[in-house]
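Have a look at the structure that comes next, please.
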């Protein structure tokens, strides 16, 4: 281990944040770029399943809430891309990778949103699962990422409560049809939400180094268990069920037991074979491709303005 | 025309125009040319739908028939809508989106500026709050007119085409009818002549700075939205926007 | 699964698939690549919606809850629709429109051929009549696959892309579920294995003649429409299609 | 007058049809090409205001009727383009003129269809006005055009009755809202329907020659009066009103009097300044432009097939 490397690891061990100007191992930088860009892409792609219902929100109040949430997500995307850029990465290049299918984003957004209750379930389960990940990441070793997480977590928690409230209102005051929407939504999104924590620990090769660098701070399976333990009581409070016959409290472990995830589906979706992988990427690619002339114009205009100012 | 009726119509024009433009911007979610624009478009849309809610709430109260703001938004068919034709036009390319926004923002800004001094206090209150938001909308869309108009050759041509495409819907922004003038007389709505000349002045200034050709002043104008006769687009917008409340009429909460 | 329920589901699959494809073709009115195609597309659509009505009428009678064919078409939300995912996919370019049509027509043709001998006489009657129409549909769409596949370089590429785009929705055409197999056992629905192999044979033959690459047999398949889990497109289709009956719930005649 | 010309005019006067292979004056040919192509364009553009509602027809029965009607119109278009081609004109060139704004089509289709009742009113008033024109044209001097008219008239009459039936059903059994749709629809389409007969006779310079050639057989004003006289009783039977305070029976004339048409609007729409002129032409142009590769492919394929057959 070189002195720089030792110094770096000592900082990490002492919970001192690594800042953009500090020395860092190339693998640390790369891992972070990959992780933060994935996270940023997820925020942006994550707007699509919600955008699918924002034109059809059933009341002014719900419409405004959903619009505010989508706006926040665009903001999170920007914030995360900035954090990523502090590591010397290029936003355009990383987005390019996304459009070529080389970069990942949260697989959950490859599932369609098929009824209005999904706008509640996405908030409750999907943002809920994201928060479980992100709460831990607030203490991640890279300063700008950690600070982004602190800010994002706050807003995500708000979204999560709002999502849960949608479901609660539908279950408490809704018609029979509306209650069925909720249960149908949970049936479709339950397992994909559990998959958000990634493969089980024995299948997760990169995790150990990330743990040592404190980029990651808990294992996939630990996080998944945390999520389930906090979510099941909320599920019961709703008066809904999970599509998992094996889900039950284990007194001995002090945790909920749950059934085996369909890993075939998990890896299918990861490989691009999810219900909406194709549409999501195409939508994003089209937006950026068709926006090329707009961005070029903005650049050309800015340059002209600068020249004028210099001339004046 | 009795003032109550005129006021009712006028509030719907304000509410519906904001609502429909907000809806059009919602359609762009995930499709904007940059993430910054995603955020900005949704932000503008959010302001507009929020303002629509305020106008609808007042209109519903005034009407006094037990209809709610949601009823006004989600339970009226196209012929009952009173929005300007401009805002129901399709998003087109970003030049069209921004030209539409700019023409409307200019009208919106000067209208709200007038309404902030309305003899009707409720209107003055809503307008004052909205004016802050719309000041930003106008600054932003005017900036885009200039960027695209005076950007690249391609963007200039696209923006020029957009201005030409949408020009026929601008007449409605500057043409007062009986509703407008009777409320102006009552000190509720702004001076309509002033509004028209302010609109023309601002549009001329920004288009000129953007190196865009002005359109003929005597151009043929397509009007009718304020009176409830729309283009073919509105029906499709409403079919989508109103689907849930209409498909689940027994639902009292969402 | 009791047979009455299976039959009900099966009739909705037939009716909804025809209905939704007919609706997609209606969207193309005035937008086809030639006036001849305008006429042909509307003709096919007309056949399909007519067939949908026949299936709905039978389904409504069987259900015996007082719902009409119109109620089934215009008053069910997406999760109650049982159409194949294939038919709800967007029109895309003409290669996509025709590839979708061909994949569906092939399935439709062999299905109707089987159903024409159904133990259920009402089904056999409807199917026999429909088969005549669909024989023409299939001949036409197969011809277009060849024209575009073996036409110009551009059309070949577009058709190859279309086949690749839609391939993931073909699994549903050849995969039987409990509804299919229980009705097959009762002599009501056709032999499902035969249907699958007929479909594959015809598709292989036409694509080959059209100089198009076949898609991998083990490709990942997107399914669920027959059981009511659709793609995001269906909701928008229904919002438009069902607007009037939903917006005017008190109307008993149109 | 040349012998050919005299022979031609004698045939006309004797009500003998002119056929494609017969000699005809160049001006006769040109006038006919213009008139038949306008008529064909009108059938095709006329599909658009109906296409606007075909995806939203409220019952299966009405949807099927509307689809059948649209299909018929496409057929009429084809039939008329064929008649036009017998005069040596090129369909592609004439369509090109349409897309460049150089060829006309019935101005009525530049008005939007804004509610479902418009599907009735278009059938009743618009097809009704067309039939008044076309019934006379069944006796037009050019054979292929005359035969096309005979066939088309039959189908149009069917459409007209169907359209009227839609309105009648709505007025008899509809809700208050539905009845309002009908009246609103008539209010919007009444005057544009009257404009379908063209400018008043004193403003219609080409008419006299067309009358002599028996391409035209009655004057614009005569046809308009015929239409009004047959339509007003139907209007009254519906229980609706026309948006014309001057409309009333004139015992002396034995005709209905009616108010002055807004000729400014008529000429505006003719010049391109109607509500939908721009959209209608753009839609048609887009269809044909985007269909170029399709038509090219069909042609290339047909040639290949022919070569194969010749080689075999």
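Think of it as A, B, C and D in the order they're written, each chain with its own count starting at 1.
Definition applied: a residue touches a chain if its C-beta (ideal position, glycine included) is under 8 Å from a C-beta of that chain, and two chains touch if they have at least 3 such contacts.
Just so we're on the same page, UniProt names per chain: B, C = Ring-1,2-phenylacetyl-CoA epoxidase subunit PaaC.
Note that the coordinates shown come from a computational prediction; the quantities given were computed from them, not determined experimentally.
Student: By that same contact rule, can you tell me which chains touch subunit A and subunit D alike?
Tutor: Expected: B, C.
Student: Between subunit A and subunit C, what distance separates the C-alpha centroids? Give it in angstrom.
Tutor: Inter-chain centre distance comes to 37 Å.
Student: If you average the CA atoms of subunit B and of subunit C, how far apart do the two points sit, in angstrom?
Tutor: The computed centroid separation for subunit B versus subunit C comes out at 41 Å.
Student: For subunit B, what residues touch not just one other chain but two or more?
Tutor: Expected reply: 77, 235, 239-240, 243.
Student: Give me the residue numbers in subunit A that touch at least two other chains, ranges are fine.
Tutor: 56
Student: Following the definition at the start, I'd like every touching pair of chains, please.
Tutor: Every touching chain pair, ordered by label, is A-B, A-C, B-C, B-D, C-D.
Student: What residues on subunit C touch subunit D, complex-wise?
Tutor: Listed in rising order, the residues of subunit C that touch subunit D are 23, 26-27, 29-39, 42-43, 45-46, 49-50, 52-53, 56, 69-70, 73-74, 93-94, 146-148, 150-152, 154-155, 158, 240-241, 243-245, 248, 250-254.
Student: Mind listing the subunit A positions that touch subunit B in their complex?
Tutor: Per the stated touch rule, the residues are 44, 47-48, 50-51, 54-60, 62-64, 67-68, 70-71, 74-75, 77-78, 81, 116, 166, 169-170, 173-175, 177-178, 283-284, 286-288, 290-302, 304.
Student: Please output the residues of subunit C touching subunit B within their complex, sorted ascending.
Tutor: Touching subunit B: residues 77, 235-236, 238-240, 242-243, 246-247, 249 of subunit C.
Student: Show me the residue ranges of subunit D that touch subunit B in the complex, using the header's touch definition.
Tutor: Within the complex, subunit D touches subunit B at residues 52, 56, 112-115, 184, 188, 268, 273, 275-276, 278-279.
Student: For subunit B, which residues are in contact with subunit D within the complex?
Tutor: 77-79, 165, 168, 220, 222, 229-232, 235, 239
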